[in-house]
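So that you can tell them apart, the chains are marked A, B, C and D in the order they are listed, and the count of residues begins at 1 in each.
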């Protein structure tokens, strides 16, 4: 196997003795070879030579195919678990003593050597990023693969510790940002696709703002970023907002930041939450850097509205009259952005009231069914306004019949809102939206 | 209590509701007040407002006196331990299932809310440094304080994770380094005191090298640093080396790096080992940046030699003849740097051979009794030479009758030496030192 | 006039008295208004308030139209010239004394207040860049405008002083470079057009190199940049070189840097030469950073070859036989990149020999007629090879029947070559090219 | 001569031919050797090889002794002056044409090759700094050395161009500043000596401010710096201000910046004025960064007061009564900081009124005789207050009987004050000082 002979050569400065010691000879089995390296690494832990081996393991891992990766995960799972005898002893001791010291010892006993290995892999150049990718690979394993959940949880616990909010750096992203970071925005933007560099440049002009969290160990990768438009009104139409006209010369004085897209970047960090912190920290940043900005709102999608409505109609949970039925069918038969349906006051009222109902009343396990509501109201925002014909694109019509929502972040009320949401599931919303929800033609249940 | 009313004011942007919720009212008991904040923090965890509270807790902690800190630690210990019922259930489930998933769950159950609290305190500005100081304060508690060991271990586990080698940055420290970092060198140098800024400057001149590890979260604090002299010989006298003459004009071409001092800086990070990595990484750095440097040695103290020898003589473990006895007594009666004893070949041989014996043969729990030997030989270095009259200062005489040792780091042999030491307690040393050890006048045991 | 009332407001912190002093009242004539500001500026020179006025002049200048700019240049020319009486006195004194002191005084007397004004405009934020643009605007004046040459020369003398090589910084430009600089490459590349960001990215990959000079006062603007391909051969075809295939995995080990494009960026700096320094400094950079690169060559166009040849044929300066005539006519009638003419040995020889003759023998005022030859041979390079069918694009065929040239930079010979060129117009070339030149079917003159 | 053979070796990459060309053979005369290099440099100007030669000239210059430097200056003066024939022709042409073009040509003709040489020396690494030192060396020449004034003026004109305010960077200097810059403060502070690093550190604490101008070509050298104390009153005593007590915990809220020391650093830049810009730019900086600071004053010495007074008394220009005479003699006989004379109202009034008279009425060539008055009032400041017993040190008593002055910078009035001073020699001062001046016992003249 070529990679190991390469290793032998690369490790030569460690002395032949080291290599013989670990019998890092040739092997025709990937996991076996990588496994020997892992064992070597665990024994050498804390030694400078361990970095060389960590880098070799990562190199081999990255060069391996899917089957080999699966082998490797299998190896980690089956060979590097915690020592059950030690756990048993620790349980016995804890049950005898019952003090916090023996509890800590029990906790330590539960930690697998695998965790130690992962920590040592992090010492390699590019190690942090490699481990994040490893977790992404892990998610591709069949769900019933026993290694999957265990390794996933271990990596997640590491990442939660390493990506502690105290270690993240908020950075302004603009046209002076290095290109290799900017291209990540194009790659990771999934809410409103960035169509190439001219579109990207538009989103970084003076009347826009883009902010991301970065971690010192992977300085070229945004972890999450949010895009805002600086306007003098609360935007009610995403197409208007995304238009690529340059800022006019008319010395506009924006007073509102409209957050229109927020994106997590690294799949391997799923479960480490950054979003709530990011929005709030960007607001604090704007308070200091742009004191003329005094309103902070979002222009957000309602991804599940249409699906819910169609099911509700089908299940007879709505009470539409025939005109309403006809209007809804007209929408369902497909419309163009310029359709005259846009101007139907009846249709507007029908769909916005149903949407208000959906957002405020439809629950899943006690919480709002809509993930976007959960996110923003959980953060302490207020559901402020529902906008008709706000995203009349194919995608917008498919998700929500073109409706979009403004959530408003009021710094004075955010804490209280968050608390009320957490403790009593109270949903903060404007009286207009509340009224709308009451007007929705739904059967009382 | 002033601090809480201050908090009430500061937190006002969170809304009165938040504060009432947590009943953050006035309290005349420090730990009680801080405790309420901690509980508030745990409930708000993940919220932006939590940073404000984390900063307030740290502010209050830093302003508190020793008794209050002890109260606070007591609070953390007694109120924020793991939930024992949950642990018991997790044990039961693990014992029933026996799989790695339930083991992980057990490990999680063992983690206390306290740990979560500490992680959240890290989100405050200056949080990392505050937690490091907190651990230092903890070490001042009476040893029998039950909080001490538990909190210490929890903080240590956090620090080991956060200060993973992969997150540290090796930096060259020189006269271009910001003054606030340089003054830390003066503060933390404990091997050979830096006597003010001129002495510091001398140690940063072109024929010297200073390198440290830094962590991005505390950029102004070296975690550990090592000082080297670049010479054309293996230094055998620390006073010569520390002399403050500037480098001559004679275009000296140094080929040897002599590491003469290595210092851990932050007491609160005790137990997170950086030293072995630092020396080896500095060597790799020199290999690339100063290819003319081809030898890497230390000039190290032997802190326990004299104490051991006096005990050994007292206990009859040595076999000194009367002349040797007289010479030793002469040394013990106190000598000056310029004493004629310096030139006594007999005395030289007596003490260097005893020292070789001490370094190689005297053990403590199977390992060399001398901590410096354990450190360097554990790193893979070779015990190369014992130097007579190398540190004839009061301190040097008191520690080791003025003897110092050169350990040599040979990149080709380091790995093998480390392995042999780890697995077989083999001590790598030059034939000269081995021979010396055989000549020591000690009773055979 | 709006801009001046704006000024009045903006300058209010200087006190009304200042403004009255200069009678910066309203004016309906642009140059008159700007002129008053200029006079104010000259009087205030050295004062902090002068920066405000300098910025106002630049703002007004940038907002003005072409006619107004012409007015402004006219004002500078006619009102701010040197004082001829002072010059006359200085001449008299110099002619009397004849010493260097009086010569210096004469030199000073020749300096116009305009020059002082330009220096003060440079103190404005963005002043340097504004002055560079001003010179570019100046070049748009009719050639017979008397202001044009005088102002041009004064600005050029300033720029030559300010952009002294000692103040320039060589920077590597790669994918980590800020986007606002990268977009300048797209804008300024005129040799081989960069077709958008993917093409740009290709040119910044690992097997490419891009380097530019920057000046601290305009950090976002490259002054000049050169693009290189790192290959394992001397490229003989620009289309191959520009192909957008990514570097293979085959661990290619390039040994040759092929400079294929060099571009001056700022028209306003025309006449301040950077090119010769840039190529040589990049070579020195590569010597240190990429020691495996041992050959430095160009792949350069021959912009005037076809035009010269057509004229020469027309003027009867060539001695083509009928077959050669036919081949040439075939080329002239237009060919495709894949034309079978590519494989005609006869045509190849005909055109390469004529090209060698053109490059080496055809002169203009004693120097080679071809500007590219003058540049590279003047730098000390060697005319190494003439490549057939190297640029079979419409542009390449139009310039040079698709021929391109490799110039080679040999660090050992560069100084001598430069000297020989400077002092004796000696043209360094390979024996192959020299031989080719001898074979060209040209009439002896 | 060793240095040239070193050069021969170093230049080898330029090819032997280059060296032979210039006959850079050995020479036993410094200026002759360096002269040949200079001629070589002028011929190679614009070539990359010229940097090597420029560096060699600077190296040789720096290694040379005073006599050799004088030789070198002599060489520059006598051999590299402008071509007088060309000047004569240019005069003739100018006198014939009389246009601005021929005037510019005359100006160019007056420029010596020496100037070109100096510009090329600037391309060497460290060239700018070397030229600045060269000018400092030049000032050590005997005043009657003809080279002195000519070279001085040429260097000054270069520096004025290169150190244009538009290229300078204002930097805050604090305890995070690199040590090699901080030590320059100690070296260059000449108003109130910095007594080592603890004193320096005191001056950089939170209640102090230090700011300097830097040039990108010599980033490690402040050109000029100013020190300020942030207080809540207008300081009237320099000893109080310099006291090394750390800022108290009492959350003082300073509203006044007291500039107590401003220092030009590089003797070689004498005549390039930075001071007026610096103070005003620091004020603008404070306006933005510390809006709570609303007053900007100085605490300045009166260096010539005592000398003037003693002469005035001697010359009978004062009208002291016998008591005043006695008080003055008591002061002259030497006093301690704690002397009871401090409390003499009569003496206070006598000296402060005489000082007011000295500052406002005593002139030299139409301007105030006191350089500090000229500087601050020329900048637009107001002479605000004269402080009794403000600097009772030996030096303070010797300069001004311990008096110091507050000049106040009022942003609203600065422009007008400056103008009035420039155009009408109007001296802005408080009514108190004006009144004091009227009370001085001086003979009317």
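Basically, a residue touches a chain if its C-beta (ideal position, glycine included) is under 8 Å from a C-beta of that chain, and two chains touch if they have at least 3 such contacts.
Nothing here was measured: the structure is a model prediction, and the numbers come from that model.
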item: Intersection of contact partners for chain A and chain B; value: none
item: Set of chains whose contacts include both chain C and chain B; value: A, D
item: Most distant chain from chain D by Cα centroid; value: A
item: Between chain C and chain D, centroid-to-centroid distance (C-alpha), Å; value: 38
item: Centre-of-Cα separation between chain D and chain B, whole angstrom; value: 48
item: Chain A and chain D, separation of their C-alpha mean positions in angstrom; value: 58
item: Multi-partner residues of chain A (each touching 2 or more other chains); value: none
item: Chain pairs in mutual contact under the definition given at the outset; value: A-B, A-C, B-D, C-D
item: For the chain A and chain C complex, residues of the former touching the latter; value: 175-180, 182-183, 196-197, 201, 220
item: Parts of chain C lying in touch with chain D, wherever the complex brings them together; value: 11, 13-18, 21, 43-44, 46-49, 51, 77, 81-82, 84, 87, 91, 94-95, 98-101, 103-104, 106-107, 110-112, 119, 122-124, 127-128, 146, 149-150, 153-154, 158, 161-162, 164-167, 216-217, 273, 276-277, 280-281, 284, 379-380, 411-416, 418-420, 422-423
